[in-house]
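Please go over the structures that come below.
Heads up, the next two complexes both have chain A, just with different partners, chain B and then chain C.
== the complex of A and B ==
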């Protein structure tokens, strides 16, 4: 048997052992996964960011401007000393400020305007009634009414907000069903691996 | 100074990144790309700080000789292994580093991901009760989508997969769109508050 399949099979069984109960084998596998994940991220970020975006352009191409993010990055390590930890606020401020600046137009376009325009559909399409158009419009308006807290949910506002909760329940139910099924398909994939590649019970 | 400098930095970079959206000038594009590059570099350093903190906390726990010491050692070995393999054999296809990813990390991640199916199902079995109209709608929708997404659904009724598709595409999507609009408006106001220095939560916790 291929050594890779053997290792993957043993580790898969170790993780699945949690279905019986919490046990040392699962805990060891969990710790192993955490360690490997952190190590993997470390290598990937070192290679794709520090080497490709910082060290090579700075030392080989002579892009001296990159000294600024290099120093700002090093400032992050000041968090380990109480005296100097305030310095780490500067790179954090840069990241948060730049992120917020990018987020405003991006959010306005992708999350708000795009969603609003997609919610408006023609009621009559190719000469026939498009029943989905009022359903979507009603769903969006009533759900937004539910999240509108500046006015008391009474009268028309109350009824609309209640309708909004029904739409939200449909959303939660559909999302739940979809999530469970996607996890199930992964589970089937793992069991298939165990029975076919690892144990050779299915040919 | 400890508060003012970060606030000025945040305001300056926030305004620059916001303003570049309205300009297609070469300089504006160059500034935007440079800052994005800086952002990625600093982000990588924040990850290294996280790794350093992870090592520090695990070593502290090991030195105290707590009950979970063997697991902490296993974590640290795993952490050391990946960079070590990358140094020895590189990260190309067929390298020990990639072998570890394909045969250890990826299978374990997929298995942990699949375990959630049982947790979600058991939690819903205990929690789902059709006591109110809202709860009944939630339960029915979940059941229809659960059954509608398996091959057996077509055997039960041909309309079941179609109903599932309709629910996901229209009423569920409508609520999702409203939530996204809310997220968009909320994110914009929060971003504006951060840039203007009204929201200063990130300045806490030195």
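== the complex of A and C ==
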């Protein structure tokens, strides 16, 4: 048997042992998973960011402009000392400024404007009633009413907000159902691995 | 001790239900959902040699659910002789993406460098997605194996999203949203997704506003895609087990409620 499959099979069973109760075998598998994930990500980031984007272009190709981001990166470490911590505000300010500049227009378009236009639908479509249109309109208005806190939730406002909670509950229910399905799929995937690759019980 | 025993019984029951239904080899036909059908039809009608990006934007922990989706869509793409550019915007998805791509390419005898390429991982996903709109070769000067991308035959006619028909983001989180927001909104790039089931409701607004072209969601989505492709895989194999597990959970919910209401009537609280 392939050593990788053997190790993966044993570690899968070690993780499943937690379902009985917490135990040292499970703890060892958990620590391995976290250690390997962090180690793998660290190596990938070191290679693709520090080596590929900074050290090689700066020192091998002589792109001196990269001294600026290099110094800005070093300034982040100034937070370790109280005397110099103010220096870290410069790269943080740059990152937030640039990030917001790039993200705000894109998010405004995709998450607000496009969603608003998608919420407006014709009630009569091809000569027949489009039932989705009033339901979506009612759902959007009542859910927004629930999150509108500048006015007390009484009377019409209270009833609309209450209706909004039902729409929210439907969303949470659907999300919960899908999450259960997702976790079951993960479990089934591991059972598939154990029965086919590890134990060879099915082909 | 009672709580421990109850938990042990519940989990053992679930394990038995899943394993037994897994060993029963009944072919489970799943009617395709409109979103899966749309994804399938799009890839199916693309002309040969069209270029599709497969972005593996997921962690290793979601592999059991992600793998059947990715394999079904990759098999479809290779079967229809589409050119595939693989990459990852999530560090953990890098080696997995390369592995899945290479494994599927071998099944269809496709050659690395001319039929498919894996560009590897790029940090700062927003700048990577935006940069690819200007020049993919500038964002990825080297591929995953260290070859210069501008020397690879597959990359000769590919420079930006203008040469890409579709981006398929295989994701377990919100990385697909960034593809939609930056590649879709800014460069008008078509984006579809292969998602874990837990993420489906989060992406429904993007699907209904047509910012996301189509979604293949969860193990069920994988099974639907495999049925359309007429190639049995992990999704189809797991559908009977998943249905049985859902029935088991439903039964537990009903039994739990009966016990709760019975105890409440007796005045014992929950």
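Everything that follows uses one rule, which is that the second predicted complex is superposed on the first by the 194 of 203 C-alpha atoms of A that agree within 3 Å, B and C clash if a C-alpha of one lies under 4 Å from a C-alpha of the other, contacts with A are read in each partner's own complex, and residues count from 1 in each chain.
We take it that a residue touches a chain if its C-beta (ideal position, glycine included) is under 8 Å from a C-beta of that chain, and two chains touch if they have at least 3 such contacts.
Note that this is a predicted model, so its numbers are computed, not measured.
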Which of chain B and chain C A:21 touches, first, second, both or neither: second
First, second, both or neither for A:181, with chain B first and chain C second: both
Touched partner set for A:102, first chain B, second chain C, both or neither: both
Which superposed partner A:90 touches (first chain B, second chain C, both, neither): first
First (chain B), second (chain C), both or neither touched by A:201: second
Touched partner set for A:129, first chain B, second chain C, both or neither: neither
Which of chain B and chain C A:110 touches, first, second, both or neither: both
Partner chain in contact with A:190 - chain B first, chain C second, else both or neither: both
Contacts of A:72 with chain B and chain C, given as first, second, both or neither: first
Contact residues common to both interfaces of chain A (with chain B and with chain C): 19, 37, 40-41, 45, 49, 53, 99, 102-103, 107, 110-111, 115, 118, 171, 174-175, 178-181, 183-184, 186-187, 189-190, 193
For the chain B and chain A complex, residues of the former touching the latter: 2-3, 5-7, 9-19, 21, 34-49, 51-52, 54, 56, 68, 70-72, 74-83, 86, 91, 97, 99-105, 107-118, 120-121, 124, 133-135, 137-146, 148-150, 167-185, 187-188, 190-192, 194-195, 202-203, 206
Touch list for chain A against partner chain C, complex: 19-21, 37, 40-41, 44-45, 48-49, 52-53, 99, 102-103, 106-107, 109-111, 114-115, 117-118, 171, 174-175, 178-193, 195, 201-202
Chain C residues touching chain A - in the complex, by the definition given at the top: 4, 7-8, 11, 14-15, 18-19, 22-23, 25, 59-65, 67-68, 91-92, 94-95, 120-123, 126, 130, 142, 177, 180-182, 184-186, 196-202, 205-206, 208-211, 217-220, 234, 237-238, 241-242, 245-246, 249
Of chain A, residues touching chain B in the complex: 3-5, 7-8, 11-12, 15-16, 18-19, 27-43, 45-47, 49-50, 53-54, 65-66, 68-70, 72-74, 76-77, 79-80, 82, 85-86, 88-105, 107-108, 110-112, 115-116, 118-119, 132, 135-141, 143-144, 147, 164-181, 183-184, 186-187, 189-190, 193
